[in-house]
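Okay, handing you the structure first.
Order as written gives the chain letters A, B, C and D; numbering starts at 1 within each chain.
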Amino acid sequence: MVRSKRNGDLYFGIICGLAALCGIGPLLWIVYDLVKLGAGRISPGFFTDAVRESGRAGGIAPVLHSTFLIVLCCLGAAIPPGLGVAFYLTENGENRFRKWLRASVDLLATIPSIVFGLFGMAFFCRFLGLGFSILSGGLTLACMILPVLIRTTVAAVEALPDHLRSSATALGLTKTTILLRVLLPGATPGIVIGITIGTARALSETAALIFTSGYATRTPDSLLDSGRSISVHIYDLAMNIPNGAQGASASALVLLIALLLINFLTNFFSELWLKNLHSSK
Amino acid sequence: MSRLRSDRVLSFVLNAAALLCGALVLGIVLFLSIEAAPTIFSGKISAFFTDEKWQPGSERDPQFGIFSMLLASVLITLLAAILAVPVGICGAIFRVFYAPESLAKWQDRFLELLAGIPSVIFGFWGLSVIVPFINRYHPPGQSLLAAGIVLALMILPTIALTTKSALTAISPSLMAGAAALGLSRPAQILQVAIPTARKGIAAGCALGLGRAIGETMAVVMVCGNIAQIPHSVFDPVRPVTSTIALEMGYATAEHKSYLYAAGLVLVLMTALFLLVRIRKGASQW
Amino acid sequence: MVESVVITGSTTVAPVVADAAKRFEENNPGIRIDVQTGGSSRGISDAKSGLADLGMVSRHLNTGEEDLSATCIAIDGVGLIVHRQNELKGLTREQVIQLYKKEITNWSGVGGTTGPVTVTNKADGRGTLEVFLAYTGLDSADIKADVIVGGNQQAIKTVAGNPGAIGYVSIGAALSEIENGTPIRLLESDGIPAVPAMVAQGKFPITRPLLLVSGGQNSPLVAEFLSYLQSEETRDIIESHLYVPVAK
Amino acid sequence: MAEESALIEVKNLSINYDDFAALRDVHLTIQKGNITALVGPSGCGKSSFLQSLNRLTDLIPGCQTTGEMILGGKNILSPGCDVLSLRRKVGMVFQKPNPFPQSIRRNFEIPLREHGFSKLETTDRMEDSLKRVGLWNEVSNRLSRSAANLSGGQQQRLCIARALALDPEVILFDEPCSALDPHASGVVEDLISSLRGSVTVVIVTHNLAQARRIADHLAVFWVRGGSGTIVETGATDALFTSATDPDAKSYLTGIRG
C-alpha cells in the first residue's frame, strides 16, 4: 500500500508531465515549421524595408509600424474602461445591474472575432466616419480584449486578502485612495498578465482587422490612415498570395519573437514591481 | 471636502465605464439585429430552421438551413473542450506541483507564446499536418476531429494558464493541512487543490470555450465546411463562424442578411447558455 | 490635400492592383491609392454605393450589374488541379460534371488509378465558383462536395495534402506554387493544357476577366490610373502574378 | 498527571533553511498521553520543531533536518520513513483554521477514504469525532454545507475533529487559539485539555497562562548564538516556580520575552 501510494505520486506526475508536453509539443512543431520556411527571409533589411510584390519580397517595416499603432490604440482604449468595469464589479454590494454586467462581459468574451470585425466596420468605420483606419482597427480590438482585461483584473483584485479593503477603510482612507494606493498596486501583477494576454490576442487577431484597419501596406501618416497589422499581413500572404508561405512564415516568426519579448518584459517588470513593493514596506 | 469629491468623481468614472461596457454588448446585439432585420421581419427566418440544407448560392433552389451549422459550432467546441480541459488542467498541475522552478518558467513562456500564435498559422499547420494524417485513415481528413484538435491546441494555453494562477493562489496553509492529514500528493491535488481552485479553473475553461465557439480563421481551414449533420468525428462539418468568414465578403443583399442573422443566432445561443449557467449559480465570478 | 483613390473588392485582383498602385504612387507624388480586399461582391456593392472609387471583380458581371462600367485589366484561366501523385492527364467537361455530381466517385471511372475522389469546391459567392459553374452549366446545389474551401491558396493546400483530391484554382496561382515545389498538378481541360499561353490565345475553356468597375463618372485621376493599368508600364506586374495582360 | 512513558525521543535535532540554522542541538523527550507545551519568544524555532515532528518541513524548499526523532522505534527523519502513515499517526492543527472549502462531510471523507476506511466507517468516525469536539449538535443538520461558512471557533474544532478521526497517537497544535476570540479560544483550550490521556499533545503557544493551565510538561525555546534551541525542560509547575536557566526564568515569570 505504501509502495503503491509512492508510485501513484510518480505515475500521476508523469501523466501530468505528458499532458504538459502535449501542449508544448505542437508549439515546437509549429515553430520548427516556421523556422524551416521563414528563417531564410529574416535579415536586418526585413525590418527596415517596405513591402514589395505583396510581401513576397522586401520587408515589413510599414506593417510593423501599423501594428504598433493599432496595438497602442487598442490598449489605450481598452485599459481605462477595462479597469473601471473591473473595479466597479469588485466593489462591495451586489445588484441586478452588476449581475447583468457580469453576464454581458461573459457574452462579450464569446462573440466571434469576425462579428467584432463586422460591428467595427459598421460602427467605427461607417457610423463614426473613421473609415478604414488604424483607429477603427484599434478600437475594434479594444472591444474584443475588454472581457479578458476585466476578468483578469477582477480575479487579481479578488485574490487580494479580504482584510485589505476593510483595514484600509478602517484607516479612514477615501475610496479613491484605497483603490489607487491599496488595491491597484496589489492587483498589478494580475492586471499585467491580463494586459499581456490582451496584447497577444490583439497582435494575433486577423478577422476583426480585415474589415476595419484594412489592407494598405504603406507606412501610415496618421491614425486615420489605413494600415495592415502583422497578422493581416500573414493572413493575406498565406491565403491570397501564391508562394506567400515564406513571407508569411518569416512574418509569423517576427510576431512570435515580439510576443516573447513582450512576455519577457512584462514578467521582468512585474517582478521588479513586486520587489519594490516588498522592500518599501 | 475635496477628498469626498474625488470619491464622487471615482464613482462617476466607474459607473461610466460599467455603462459603456454594458452599452457595447447591447450595441453589438442591436447592430446584428439591424443588419439581420430584412431576414427577421420578412418572416424568412423560419427558413433557418425548416430548410434542410445551406445553399444560398443556388439559383434553382436556394436554401438557408442553419441547424447543422449551429450543431457543428457546438460539437466542435465540445470536442475541443473534451481534449483541452483535461490536458490543460493536468499540464497546470505539473507546472505548479511537479516541475522544478526552471522548467516551470519555460512552460509558462511556451504557453504564453502558444496563446499568441495567429489563428491562420494554426489553421495552416492543421491543414498541412493534422488533416493529411487523418486523411490517411478516413478521407477527406478535413473533419470535426481535425477542427477539434486544432481548436483544443488554441484554447489550451488559456485553460492551462488560468488553472495555473488559480492553483498558485491557494493558501499554503490549506495544502499544509492536507499534507498533515497524511494525504498523498495526488490526493492533496485532486481532492483539495482542484476543488478549492474550481472557480478559477471554471472561469478559465469558460474563457477558452468562448474563444473556441467564436474562432474562425483556423477552423475554416480544417473543418471541411460541408453543412451537414456529422455521423462520426471524421465527417466534415461547417460551423456558423466559418460560414460568415467564407461568404460575408461575397454575399449580396439577402444572403448577407442571412449571414448576419446566423451570427445573431449564434450570439443568442451563447447568451442562453450563459443564462442557464447563471441561473444555476455557476457563473459567479 | 492629398488626392486619393479608394479601391475595394476581389482578393484575386487586389495583389496586382496593389503592386501597380505602389508604382503609380512612386511616379506621382502626392497621390494615394488605397487598396482594400473583401471579395468580388464587395467590390461591386462598394462601387455601386460610391464607398469606393473602383471595385475589383474577378468574374463576369451578372444580370443587374450591367449598369456599372467595367475595365478589364487581365484575363485569368481557372484550371483543375490534382495531387502530383495522380497520373491523370486531363478531364473533359462531361467527366468534370460527373465527378462534381458524384456520379463517379472513383478515379478509375475517368481513366485514372483506382482510389476514392475527394471533391473540393469553392464557397458560395467566390469568383472562381461562378466561372466554374458557368463552364459546367451546373447549379451550385448540384455539386456534392467533400470539402469546401475559401480562396485559391486553401484549395491548393487541400489538394496538396490529399492524394485523392480534385479542385480548381486560378492557373497563375497554381503555376506559381508548382514552380515552388508544391505537390500538385494542373490537368488539361478538354485537351487544352492549362498554361497562360492557351488562355492568351483564347483556347482554354475556363477563363474569367479581372475587372475594375465603377458606378458613375470617373474622376480624371481614376481614369488615369485605369489607363495606367492597361498600359505597357504595368504589363510586367500583371505577368509577375501569372495573369494574362489584355492586348490593347 | 498521566502515566509517564516516553513516546517520542528527539536527539540532537538541527534544522537548517539553506545557510541559516534555525534550530540546533535539540534534545527532548515527549511523554505519552501528556500535553507538552513549547514556549518561547517568536523566531526561536518552535514552529519548525513542531513541523518536523510530522515532516511538514519537507514542504519547505531548502529545509534540511539532521539528528534523530524516534517514534515507535523508528526514526521519523530517516529518508525511508513513510511520511503518509507518519502523518496519519501524528496529526496537526494550525494557527489559522484551515478546513477544506468544501462540505463538512468531505472534510472527513477526503482523509478517511484516502487512508482506506469504508464509507460506513467514515460516517461513524465523522460522527464520533464531531461529538468528541462538541460540534455534532451544531452541524449534524448541515453536513453537506460548506465548512467555510462556520465560525472561526467552529472551523478550528472541525480541524481538530478531522485530525482526531484518523485516530492519531499525537496531535501537534501550532498556536491553535491565537486566531480565535476569547470564548472560542476557551472552548478549544478545554477541548485540548480533554484529550489528555487518550492522545499525546504537543502545543506551541505564546499564552503562558494557557500553557500553565493545560500543559504537563514545558519546553522553553530561546535563541542562542543565532539559532534556536531548547534551554530548559521540565514539569510545568516546577518550571514556572523554579526555572534554572536565567532566560527561561525571566520569560516564564513575565519579566522578559
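As a convention for this text, a residue touches a chain if its C-beta (ideal position, glycine included) is under 8 Å from a C-beta of that chain, and two chains touch if they have at least 3 such contacts.
This one's a predicted model, so the numbers in the text were calculated from it and none came from an experiment.
More C-beta pairs touch across the A-B interface than across any other pair of chains.
Distance between Cα centroids is largest for the pairing of chain B with D.
The mean-CA centres of chain B and chain D are about 48 angstrom from one another, to the nearest whole unit.
Per-chain Cα centroids separate chain B from chain C by 34 Å. Chain geometry summary: the mean Cα position of chain A and that of chain C are 36 Å apart.
Along chain D, residues 84-85 each make contact with two or more other chains.
Residues of chain B in contact with at least two other chains: 124, 128, 184, 245, 248. Contacts with at least two other chains are made by residues 11, 37-38, 150, 154 of chain C.
Contacts from chain A toward chain C in the complex involve residues 52-54, 132, 210-211, 214-218, 226, 236, 238-244.
Against chain B, in their complex, chain A makes its touches with residues 5, 8-9, 12-13, 15-20, 22-24, 26-27, 29-31, 33-34, 80-85, 87-89, 91, 97, 99-116, 118-119, 122-123, 143, 146-148, 150-151, 154-155, 159, 174-177, 179, 190, 193, 196-197, 200-201, 203-207, 231, 234-235, 238-239, 245, 248, 252, 255-256, 259-260, 263-264.
Of all residues in chain C, only 11, 37-42, 44-45, 116, 118, 123-126, 129, 139-141, 145-150, 154, 157-158, 160-162, 164-165 touch chain B in the complex they form. Within the complex, the chain B residues that touch chain C are 53, 55-61, 63, 124, 127-128, 131-132, 135, 139-142, 220-221, 224-226, 236, 238, 245-252, 255. Those residues of chain B whose C-beta lies close enough to touch chain D in the complex are 171-184, 187, 191-192, 195-196.
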